[in-house]
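Here's a structure for you.
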Amino acid sequence: MAALVTVVLPGDEIPRSSLPTPTGKKKTLTLGPGLRHIPPDTITTTIAGALTTDNKKNAIWVDTNSGRYIPAVGDLVIATIQNSVFESFNCLLTPNTPFASLPQLAFEGATRKTRPVLAPHSLVYARVVSNGQHTSPEITCVDPSTGKSEGLGPLKSGMIFNVSLGMARRLLLKSKGEVIVLELIGAKVGFEITVGRNGIVHVDGANVKTILAVGRAIQEVDEQALGEKGQKKLAERVLKSL
Amino acid sequence: MPREVEISIIEREFIQNALQEGIRRDGREFDAFRPLELNFGDEYGVADVQLGKTRVIVRISVDVVAPPPERKFDGVFQIVTEFSPMASPAFEVGRPTDAEVILSRVLEKAIRRSNALDTESLCIIAGLKCFALRADVHIVDHDGGLIDASCIAVMAALQHFRRPDVIVEGEKATVLSTRERDPIPLSILHQPLSVTFSYYEEGNLFLVDADLAEEQVRQGEIIITMNRHGEICQVNKYGGAPVEPLDLLNLNNVALQKVKDISKFIQQKLDEDAKKRDAGGLMAELSAENAR
Amino acid sequence: MHPTTQLSPLHRADGSATYTSNGYTIIGAVNGPIEVQRRDELPTEATLEVNVRPAVGVGSPRERHLETLLHGALRSVVLTESLPRSLVQITLQVSGMPSEEGDCGVSSSLSILPHLLHTALLALLSASIPLSTILTAALVVIPSSSSTPLVSPTANQLLRAKPIRSAHVFAFSGDGSLLMNESDGVFSLQEWDEAVEATEEVCCKEEGGVGLSEGMEVDGREGGSLDTWLREVVRGKVNWEMRWKTAR
């Protein structure tokens, strides 16, 4: 497995042979993070990592698990409200970055008369709507097409845990993100997790012990890169302690 | 203005609720330190301390200067702390935060003014020449507990440091390089170490070695510095809720136990390091003999 | 001897690296892209901030000079226009120096420069800041006694080669073009040419280079160029990050 990984450094030119061969309907090539197109037809890398391709989606990107979170449209994030100005809340996605704005009407059922009241330093689960290079990001807690929250909105209790960006992506993968520890624990104890692409996992459960156990289990899988066997062992240990 | 980001409401509530149930976020006991690691550099007087995710590097250096005229028989000893953006983007160069001011003040009181180092031994020729010792404290990674970690690092580095030997002939002093003569250890009178207690619940609940999140939730802190013989060098309480006198006495007992443990740990690491260096010395001597 | 290095040893910073080579130990950290202060804000590109902190004492004009040099070189490497109105903050903490540093006859700001450049680059890679290329650098000195240049000499070698006529630092980009040059002392144009060539050999990948298609690694790692070394470091990082895919 590991031998097949193509390691790239910034400035490497991607040869034509490394580009994905489209198998799906999509004919235009999609360049993901870490790549840039220099017209007419040169593609070079900008970050260090593993070159990854997806033939079905005709996409190519550089996979890495380090650095600061950069908002991308469509990402689910956990944001911290800082203050409220006029018609919107100022939120932080990562510390020491410019604020992301969350309109006060971007909540389910919010109208001009009934606006949500959120205190500074409370958390919301939101989706990134726009992020231009020259504008600050905008996020929303409502699905614009249905007007429903679809699971987005303020997070009320529980606890948050920091994980690596790669781990957050793994947890959000629809197909088995290979984090079976959660299923194993979840079979015995009830809990709820919310994953923000910005490296934050929110865990809520019946009591302090459960929340901590689940949160720490996720962090452990992340830090030690546990495989299936390791996770099974971890799940057993966690369940025993509860 | 860059600022340290404040902790979110649910984190604050969760940490407080958990403490009420007697649980710390990382599963430690209330009176337990995070895992402590101590490494010495290749050079004398460099100590690298890791306390959980907090990391502090201290480097001792020496220079020869004229002593201050009002203290002719003393050497000079200085502890310098400066935060850098490395530990947190909230730290700005040349703009000390409150935490930085408190840290340097506590270190000053705990180590320098408690006479941990015998400054008179740094005198070379009274009124003319003396050693100026300098401890540079570099905060590299910041996850709370800076005072305790810095104190450990400074004391370990001082004990590890060797100053060059000097020959004095009348008014003339010659500093011998380390190649000419083995450098000599500093004369250290006692080893003060700090234990910071963070308190919650109106002073009913005390934590040892709080991490950054726990520090942000606490009502106040009490810093106790003492040596392993139980001699208290300083007690500090910067604001916050009032604390019962009896609690303070109890904290002293806890602190003493911690200081004893850490002193032992530092000594053990120093011994290991000395052994490593000595092994090299012995080997070198043997090979020299063979060459003859 | 290639430098030893560790990527991302620090928890707080977005990217970091420790670096040890020829007696120098440096810790580098990068934060970014983060919010920039109004007065430093640039409308079309990122602001680069470089802080060099000496092992002993607080910064002096020497550090400010080094910061200016590093800023110039790194600005041509970081794709600043892709992160407008933001700040990329690079902090380099020197934590160890060879004890002979003061008396080896080469200006200390020259001898430490390649190491600072490497540390900064590694920390930038660790922080995944977009770069247009990588860079490698080396010190080369020409002693008075001979005309053969010494490339990346240790402090000890410098002591023995004393007196030194001229010292140069060259930095090359990934595709082998000269990014930066600092020279000190008396030298002829021909000597300078030789110095460039000698450094290029150490820094850049071999002709016909190990491009993307490299599946097999060069065995004699010690003999490889700094470019190969850098690739090896990143390979280690990638394998570390991907290990969950293969873990049991």
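Chains: A, B and C, in written order; residue numbering restarts at 1 for each.
The definition used in the following text is that a residue touches a chain if its C-beta (ideal position, glycine included) is under 8 Å from a C-beta of that chain, and two chains touch if they have at least 3 such contacts.
Nothing here was measured: the structure is a model prediction, and the numbers come from that model.
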How short can a chain-to-chain path be from chain A to chain C, counted in steps between touching chains?
-> 1
Consider the two chain pairs A-B and B-C; indicate the one with the greater count of contacting C-beta pairs.
-> B-C
Distance in whole angstrom between the CA centres of chain B and chain C is 32
Any idea how many Å lie between the Cα centroids of chain A and chain B?
-> 39
Considering chain A alone, which of its residues make contact with at least two other chains?
-> 96
Please list all residues of chain C that touch 2 or more other chains.
-> 31, 34-35
At which residue positions does chain B touch at least two other chains?
-> 2, 89
Contacting residues of chain A [partner chain B, same complex] = 80, 92, 95-96, 119, 121-123, 155-160, 208-209, 211-212, 216
In the complex, chain C touches chain B at residues 10-13, 16, 25, 27, 29, 31, 34-35, 37, 49, 51, 53, 55-59, 89, 91, 93, 95-96, 99
Across the complex, what residues on chain B touch chain A?
-> 2, 5-14, 17-18, 21, 23, 25-27, 89-90
Touching residues (chain side chain A, partner chain C) in the complex = 1-3, 5-15, 17-18, 34, 36, 44, 46-51, 63-68, 70, 96-98, 133-134, 166, 170, 178, 221, 225-230
Listed in rising order, the residues of chain B that touch chain C in the complex are 1-2, 41-43, 46, 53, 55, 57, 59, 61, 80, 82, 84-89, 93, 134, 136, 138, 140-143, 178
